[in-house]
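In the two assemblies presented below, chain A is common to both, partnered first by chain B and then by chain C.
What follows is the complex of A and B.
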């Protein structure tokens, strides 16, 4: 399956989704609305064969929280990066843990560090930080009592 | 006194706490086991004891300042951490690294891979009750550490790579010594086979223990020897070659059923393959520069880059988002141990408590890598 075919298949099924090719790599950016995330991911996994979730993570864009899903297909050795965004505070999105078991821990990590709630996750709780930790440290406006800003040099 | 019969005993499930301080977890990891007698019903890993917030720290450091932090991720494979971080930043900057630097990078990385596998091999054997291989493994590891110290000045946290190349050229006698080491080391791997791989007790402890089917390994995002042990012939060095790996010939060892013994055999064979790579690099090592022209202040254009390499524990990646300033806007570390550890509860269900060590050891995680 060539990259063009994959683009055609995705846009045939999901007309509102934007796809762009990443130069020089066998990789695609797929930009979607957050409500379609589970259907789109299920399509990419089951129909296009992207069986390996490398990781998922968030980026704090100050006005919204961007979520990236890095997907890889062992058969075609291609990458698809699904991008979507949720509200910065109290953002909610459907969990993809039922599609890739790897998503379980990565979603917990994203919840822990960014505060995104993954609905339908089998056990959403903090993973790296302690249970009674207050706040989500990778948000740009996080202020912890132990965080000391370094002086400018 | 009333006579008890077996039926009068009331048995109930109990929780067993393993760690956070436990000699076999090789770091600070807590495993909570739900037990029925000696049988494991469920296991829940509790991580984060070594979380240092590197992804947050990176947002407040310049690109060059962050390099020494990467050494502390997978602290047994510092060269790989340096490598993947430099690759990601070089991708953002669109810099090409000079060939000599690329070869040196591969050379020290593969030496580091052997050292890292030796630190897995020795303690893994020790966890299963074989004390002697540990001493043998650390004897050879010491020689590699000496070699890497002569290159970088450090024995564990090397910080030897630079964005655009390496810090300094190899010392004069390095090639001779590295060749001597290869000659010395090759029969030693066979010695490990004699010591442990064919040992009947060892085989009984690991064969058919913790079987990880191919589909499950992929589903959990496992990579490296854990994935290859399950029979998936995937290696980033081979399938998505970076640096100069496409000019080097080496084999990808794979297992068949994905039990602890398969994962063990894959790593032992990987050490032999690493020696092969090192010998080729020593032959091919070109002359020339060791650093590309890199600006004093690294300020990549806005954009994002993801670089991945094959670290001793698997698919290791750095995802960096740049906003055009001298600091990363967002830096995500894709740690192989994190995903590899997540499969552990599946593997130990129904096994005995002593098997946890065999399975856990065969996954080979480093807590600095899991917790970041």
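What follows is the complex of A and C.
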């Protein structure tokens, strides 16, 4: 399946998503609304054969939190990056842990460090920090009791 | 008089000699030559600590003998590595479980001050001496086994210099 066919299939099924290919990156970027994330991921996994979730992460863009899903297909050796965004405070999104087992811990990590709540996750709790840790430290406005800010020279 | 010649005075007698010393000195001397460390490593400094305990450097030569796997049998805690907020409570508990007299060596820059993680880190404790008292600080990132052995021998000197060890 060529990239053009993948783009045609995705946009045929989901007319609202944007697809882009960034020069120098061997990956197809798919921008979607957060409400369609589970349907889109299920489609990409079951219909297009992207059976491996390499990586799930979150980026603090100050006005929103961007969530990236790096998907890989063993058979066609292709990569798709699904991007979506949630609100910065109290952001909620549907979990994809039922599709890829790997999403379980990645979503727990994103919850731990950014505070994104993944609805439908089998056990959403902190994975790296202590249970009684206050706040989500990778948010750019995080202030903790141990943080000493590097002085600007 | 004998007392002026303390801490150690050798009295020669026909066929041998008698050592005369005071009780505190004897106690410190026996303590410093049998300091058993706690088997306890936190980060990459622990690799150097293991090397210091293994046959090439062999801290048993100086009386550190065996590393004990329980704090109940250990005299010396070597804090080898980065102390995080999550580990802080565990270190404190291990230290409290060690019987007196107990000694602490802070090994490496992380345990001394927070080291490379001093700025902009949300979990690293800025020095293990904010939690427990430290006897000897060994700088380095990580210190070589020679550095750790030097720190341990400095601790032995410190124990010998104690006026009232009890």
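Things to note:
We take it that the second predicted complex is superposed on the first by the 149 of 153 C-alpha atoms of A that agree within 3 Å, B and C clash if a C-alpha of one lies under 4 Å from a C-alpha of the other, contacts with A are read in each partner's own complex, and residues count from 1 in each chain.
As a working rule, a contact is a pair of C-beta atoms (placed from the backbone, for glycine too) under 8 Å apart; a residue touches a chain by one contact, two chains touch by 3 or more.
Please read these numbers as outputs of a predicted model, since none were measured by experiment.
Shared-chain residue A:42: touches no atom of chain B or chain C. Of the two partner chains placed by superposition, chain B and chain C are both touched by A:130. After overlaying the two complexes on the shared chain, residue contacts for A:100 are found with chain B alone; chain C is out of touch. When both complexes are overlaid on chain A, the residue A:150 reaches chain B and chain C alike. By the document's definition of touching, neither partner reaches A:89: not chain B, not chain C.
For chain A, the partner touching the most residues, choosing from chain B and chain C, is B.
Of the two partner chains placed by superposition, only chain B is touched by A:55; chain C is not.
Touching of chain A by both chain B and chain C, each in its own complex, is seen for residues 129-130, 137, 142, 149-150. Against chain A, in their complex, chain C makes its touches with residues 85-86, 118-126. Taken in their complex, chain B has these residues touching chain A: 47-48, 51, 53, 55-56, 59-60, 216, 218-221, 232, 234, 239-240, 306, 308, 315, 317, 319, 321, 329-330, 332, 334, 338-339, 342-343, 371-372. Chain A meets chain C in the complex at residues 129-130, 133, 137, 142, 144, 146-150. Contact residues on chain A toward chain B in their complex (touch as defined above): 51-55, 57, 59-60, 68, 70, 74, 77, 81, 100-102, 104-105, 113, 126-130, 137-138, 140, 142, 149-150.
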